[in-house]
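Report on one structure; see the data block that follows.
Every chain is named by a letter (A, B, C and D) in the order it is written, and numbering of its residues begins at 1.
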Amino acid sequence: MTLMHLSLTEQSVFVLAALVLLSSFALLAQTRLLSAVHAFAWQGALVAAVTALMASAGDEPHLYLSAALTLTLKALLIPWMLHRLIRRLALERHVETVRRPAVITLAGAAIVVFCYWVVLPIARLELAATRNILAISLSVVLLGLLMMVARRQAVSQVIGFMSMENGLFLAAAAATGGMPLVVELGVAFDVLVAAVLFGVFFLQIRDSIDSLDVDRLNRLTETDTTTVPGTEARP
Amino acid sequence: MAISLQLALAAIAVMLCAGALAFAAGARASRINDLYFLLLGASGTLALTAGLGGLMASTPPATTLPFGLPWLPWHVRLDALSGFFLLLIGLVSIAVALFGPSYVRGLAHGRDPLSVLGGFTGLFVAGMLTVVLADDAFLFMVAWELMSVASYFLVAFQHEQAANRRAALLYLLMAHIGGLCILLGFGVLAAFGHGFDFDSLRNALPPTPWTTVAFALAFIGFGMKAGLVPLHAWLPEAHPAAPSHISALMSGVMLKVAVYGFIRFVFDLNGDLHWGWGVAVLTIGSASALMGALFAVVQTDLKRLLAYSSVENVGIVFIGLGLSLVFLSTGHRLLGVIALVAALYHALNHALFKSLLFLGAGAVLHSSHERDLEHMGGLLRRMPWTGLFFLIGCLSIAALPPFNGFVSEWLTFQSALQAWQLDSGVLRSLLPIAVAILALTGALTAAAFVKVYGVAFLGRARSRRIRRAREVSLGMRAAQAWLAVLCLLLGVLPMPVVALIDAVPRQLLGIGLAQATRHGWLWLTPVAPATASYAAPLILLCLAFAWWLVRMLLGRARLRRPRRSDAWDCGFAPPDARMQYSATAFAQPIRRVFGVLFRIDESIQNDSGTSRYRLQIADRAWESFYVPVARAVQAASRRVTWLQSGSIRVYLGWSLATLLILLWVIS
Amino acid sequence: MTLLPWLLTLLQAALFAAAAPLLVGWIKKVKARLQNRRGPPLLQVYRELWKLLGKEAVMAHTASPVFRAAPYVVFSATWLVAAVIPLVASHLPSAAMADVIVLVGLLALARFVLALAGMDIGTTFGGMGSSREMLVSGLAEPALLMVVFTLTMSAHTTNLASVMDYIAGAGLLLRPSFLFALGALVLVAVAETGRIPIDNPAAHLELTMIHEAMVLEYSGINLGLMEWAAQIKLMIYGTLIANVFFPWGIASELTPVALLIGVMAITIKLALLAIALAVTETVLAKMRLFRAPLFLNVAFLLALLGLLSHVILEVGA
Amino acid sequence: MIALLVAVFTPALGAALLAVLPNLTLAGWLNVALAATSVGGAVTLAVEILNSGALTAHGFHIDAFNIYLVVLTAFIGLTTAIFSRPYMSHVCQSGRVSRTHMRLYHAMFQGFMFTMLVALTTNNLGVLWVAVEGATLATVLLVSLYRTPEAVEAAWKYFILCGVGIAQALFGTVLVYFAAQHALPDPSAGLTWTTLHAHAAQLHPTVMSIAFVFLLVGYGTKVGLVPLHNWLPDAHSEGPTPMSAVLSGLLLNIGLYAIVRLKMLTDGALAQGTNPHLAGQLMMGFGLLSFVVAGLFLHRQRDIKRMFSYSSIEHMGLMTFAFGIGGPLATFGALLHMLVHSLTKSAIFVTVGHATHVAGTQAIDHIRGLIRTQPAVGWGLLIGVVAISGFPPFGVFTSEFLLLSATMQYWPWLTPILLTGLVIAFAGLFRHLQPMVYGAAPIEQRAVRANMLPVALHLGLVLWLGLAIPGFLSRWLDQATQLIAGSHLL
């Protein structure tokens, strides 16, 4: 089955999905927080668009609701909250130095290939439209995770986390035609609460370590001093 | 359910009640002290009666209790083997019950509540009784571990001393390892059977390599508890740490429970025997006997010395068991039975004399608060009764006729001397070597106890505490008298005892020791009268006769009281107490001859004109078995900490990597 | 009819006790001759013994009942051993009372009590003697047991009379195992009876003594009993060597002629052994204490070789 | 049905109520009362289920497996609430938390209970996910309640790591739904557990195996499987102790519960495939790794709560391993272990809470001689650790006995590793424990007002379970075993 056999809607779904993937890479490479938030908002919008397209293609009305939810949450509300937080924390001009950006980008690419390879058996099922969307969404999820691994900024980590969720939404919408409504609502609620809590935590972290550099959150570790066997410390 | 089994269960119930009573009494535990030990005595008597019943009964009574797993209620059964060990526990419990009231009153002023001591003693004894009665692996393990844990609390009872805490920890750790090995051993059998009750295990019949695996696990597990070399190092730490009457129970009885477990597992449950096992048991047993004796000789702490001597005696028991395995597996069933009877006899003997000695040490500790031999001396004049009973204990443990220790060692020798009947030349030359080690052990033990008795009870007092020591109360003396009389009786009248023990191999192996008792109560002839015989009553009689004869014939000297004078002073200053030969000095030749086996740290410190001699003797088992394991665990635990580096990005990396690897694995 | 053997047993025991000082006297005499001295009369030992048994005993203030009872226990136990060992006749009823291991046990009992007595007064020398005695005996005992083992392997019994019967019945056989065992037993006997080169019965320098150090505090009748017991012990070992390895001549029936032959046989055997002992004692010097383990190691090695050569060379023979 | 609603929604109501209730004393008592109501509902529900079999209605599904966890959860919720009342008021008086935060604490406590109960009772895998994520969100602010840098750090790590984990679980859930859509007659029921379970054999094996990996990593993060466990010791050690008790006693169970449910589906789907035991093997691998590594970690602890959280990891590893083995014996053992571990571990955390108050610190090196200072706390801790180490006559021994014998039966060569792990863990626990309870006490240690009722209750129950498993419980567990392993044990 080649692209030519697919409907226009499906083709546009592919295009949009590819753009989502692109935005993931954009996030990975972006060093300015505000730009990252913007990229994230675009990603959310793209996911919402995919969902809406799927809704129209599959004639599933509750997907529209889902698309609207995604759009509100991921493209508007959360970016807005992040934006506000960044201003409040005075991080607009913060530029994060990412060590070995090329390596990370290459790793991202490798992850995409890996995801494709993993999902291949599923794609062979020849289940219309869905086939490689799953690979894309999986890549988005893992790229989000990779971003969290690569970034030291708490806000960037949160963006990475949210971008993972975008991948999930993409998968849910594109591959399965949307989850049951109660689940969608629940997930959306959780995401919202999480976003609020993240805001709370940024403030708490800044209060406690005067920075949002997660590498400085390293008090709780097992690695340093050792205890000598068999000794009972002090009486 | 026969009456004997009911009695045995009643003994357990009484002990549990006693423990509960002590816990409930809390701070007022010292007030119910007498009642508590009355209950212990009652439980001991019940166990003793039940044990005799078990040995006499022809068909073992069995029943189940409404506890345990839904599909595996607790099975109990009282056969001859259980009966024998019940008897053993009962005998010592009675002694402890007599000894306890006054001894524990001496502890009442400490900061540690007696309720803890009493409560866990109850659980401890109940645990031991239950182990012996258990007829399924689950109940066995429950009781076994209960016994371990309860005794752990007893070892840690006087926990303000760091050494006791350390000993307790080590003890519990080793007990846990041993327990798990045993559990695994049962698991191996159960994997080939249809359940965990002993009947199913007995009929499991695993294929050959697996029986050996099961045997090895059981040997390690029970051997660890019994204190076999090289896993013995916890024992001399733990046993002395507990209050003395508990040490008596631990050394005298708990080690025997381990022996019971081994016999039950190997002889009863684990199908066909293999001669290789016998060789393994024999080797380890000999090593334990030798190392135990050697370390006992060089100790200066009385209770520690006794604990090492327990290692030695358990080694002797295992030599007997090893011989039995060798003979049984090569088809010499009768000889195997002799060796088994010898091992059981020695187990009983050791229970008696080791408890006697620990109670004696307890009496000394009670009246002088002294454990170090180097400070003792002349106790015989101050504590004549304790001294007499302790002497009987020493003579018994040194395996001297006509006391009980000799009978069991003699039986062991007798079975080993039949090695010529074996077909394999290797075995034929191996057995005598084991027995030569046994002989060496016997001589070393004699040296150790000459030292103990000579330094502690004879000579002159070396410290003020000892000078102030007074004879202990009637109850404590009665406890020792009870055990001392038993030691003598079992030595002089071995025939009835052997006849009683005979029920065990008859039920276990289907063959008895009929010829040993065929020639009347006077003669003990394990194989045949022409081969070897021992008439203990006659020996005693002849000794007495010779004594009487000498006194009669040399009567003119008898009438005169000996004149008293000072000891010979070589023409120098009159000897004082500090010039006496010390315990360390006594052991010096042996220490020097067997120096390779010890880790001796000897030094002379010279500070400000006075020289001070320092001597430390360490057990090589520490550096070769315990420390490396501890180090390995420590190193491994240091290794794993990089998992918890503190950086959240690394943690996320773990998550990502795990996911990728798993996806790769399943694709 | 059953009374006669028991009577004979008593008689033999009495004879044993009575003859022991004579053996010692004989050794002393031979030794003196070898050293070109005339030496004391043969019966001098009896005179000394008699003197001691009649003298008043003096004891230290610190002596305990153990100290007082020890001579009797030591003597009784040693004498009992003597009573069980076939001296003149092999089939006496007392033989069934105790086999060779019991005999070793009885000797150990005597030694245990002796060592305790050595420590009782609380002097330095007594403890030193006890300590050394326990070391030497500790090393000698395994060797002795190995000897017993070697014999048992062939004779299949630990009953001394049966062993003798077996060896006598088998005729003159050259067994390497017995050769080694004999050597080992001789070495053990030397060590156990406190002869040169392990201990010197004539020593009077406290620091080198073993046996004498333990009995240092004894006097009068007590010392007499101790000395007598030591003499009996020496004879016990002599008899063992003589009668076990060379059982010829011993009376196997209780007829007067056989018994007479038996008496003569044992007298000759012991006399020869004593000469051999005297010769070695004259030639050798006493060893340092810490050479003693080496000496006993040789004994153990010999016994072990005996056993192994039995397994290797004589199986089926 | 009423009972179900009472059991599940009482905490929801309570959360709302407590959030606005200003009187803290009253709030403490109300907390207890609400938890008690929930327990009442749970027990009634359990009786109903026992009498009339599984119940499926209104998006809820109650069978033998989850009802016992419901009762357990509600019960531990109750005892922890009893403990938390005086404990938190002590904390509040010492000025470590403000009154507002106390309100937050109480509300979130009930909120947490609600999410737990929903996760257990729901019939929908999506809702299960939502509830588990909700549990994280409810507790994350409690972890940082004390606002120390460590607490904030712990909470952040907890939040991020669990969030990421749970996101992976959602992906897995989506995949399951995806598989269901191509297998079920009614695709919209693709997340309903009962339907999925009935049609498990039709689900596509490859999709299900990939889905299971995501679910295992996702929910496994919640369970605290190594190497996904990193948040767990931090969160346990820095949060208030009642929180540690419910986290260890309950939250970890829920994660495992989810994994086991999904394993049942995966097993069904893979039954005809090349490796039908893939899910089980993955679980065994994770379980064993967690078990051994956590045991090693125990040796290097300096913080008492951290130490016991590693012990939780160890036990969760053991259970995961046992569920991975499958088969009735192992499953029965694992279910029993879940029960006794929760009871014992929450009892230990309660005692630890008191111990830290007695000593005024969580540092192991500074807690000494508890038995001298306050015998009840010292002995409570000692007995608790004896129980958790698997000594009879406590129930942990029974379950470990079953697990070991099951391992022996199916994977004999793994037993040595298991045993080594047990011994290492035991040694690690005891070497730190003993100096804390025994020996002389520092003079600055003072006895505190401690409510040992929950401890006694829990340990009493564990003791009872060790001596004899009551008939109704064994039938109950057996039904659950039948459900999970496919065959009865009894």
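Brief remarks follow.
Convention: contacts are C-beta pairs under 8 Å (C-beta built on N, C-alpha and C of every residue); 3 or more make two chains touch, one makes a residue touch a chain.
Everything numeric here is computed off the predicted structure, so don't read it as measured data.
Ranked by C-beta contact pairs, the top pair of chains is B-C. Measuring from the averaged C-alpha position of chain A to that of chain B gives a distance of 67 Å. Centre-to-centre, using mean CA coordinates, chain A is 97 Å away from chain C.
Centres computed as Cα averages put chain B at a distance of 43 Å from chain D. Chain centres here are Cα means. That of chain C falls 77 Å from that of chain D.
In chain C, no residue touches at least two other chains.
Shared interface positions of chain D, i.e. residues touching 2 or more other chains, are given as 156-157, 160, 164, 168, 210, 233, 297, 299-300, 431, 434-435, 439-440. In chain B, the residues touching two or more other chains are 162, 165, 634, 638, 641, 643-644, 648, 652, 655, 659, 663. Chain pairs that touch one another, listed by label: A-B, A-D, B-C, B-D. Those residues of chain D whose C-beta lies close enough to touch chain A in the complex are 59, 124, 126-127, 129-130, 133-134, 137, 140-141, 144, 147-150, 152-157, 159-160, 163-164, 167-168, 170-171, 174-175, 177-178, 181-182, 187-188, 190-191, 204, 206-207, 210, 233-234, 237-238, 297, 299-300, 302, 364-366, 368, 431, 434-435, 439-440, 442. Against chain A, the residues of chain B that register as touching in their complex are 162, 165-166, 630-631, 634, 638, 641-649, 652-653, 655-656, 659-660, 663-664, 667.
For chain B in complex with chain C, the residues that touch the partner chain are 377-378, 380-381, 391, 395, 398-401, 406, 410, 413-414, 417, 419-420, 425, 428-429, 432-433, 435-440, 442-444, 446-447, 449-451, 453-455, 457-460, 523, 529-535, 538-539, 542-543, 546-547, 550-551, 554, 556-557, 560, 562-568, 570, 575, 577, 579-582, 585-590, 592-593. Here chain A touches chain B in the complex through residues 111, 114, 117-118, 121, 142, 145-146, 148-152, 157, 214-215, 217-223, 226, 229-230, 232, going by the rule given at the top. Across the complex, chain D is touched by residues 66-71, 111, 113, 138, 141-143, 145-146, 148-149, 156, 159-160, 162, 165, 168-169, 172-173, 176-177, 180-181, 183-184, 187-188, 190-191, 196, 633-634, 636-641, 643-644, 648, 651-652, 654-655, 658-659, 662-663, 666 of chain B.
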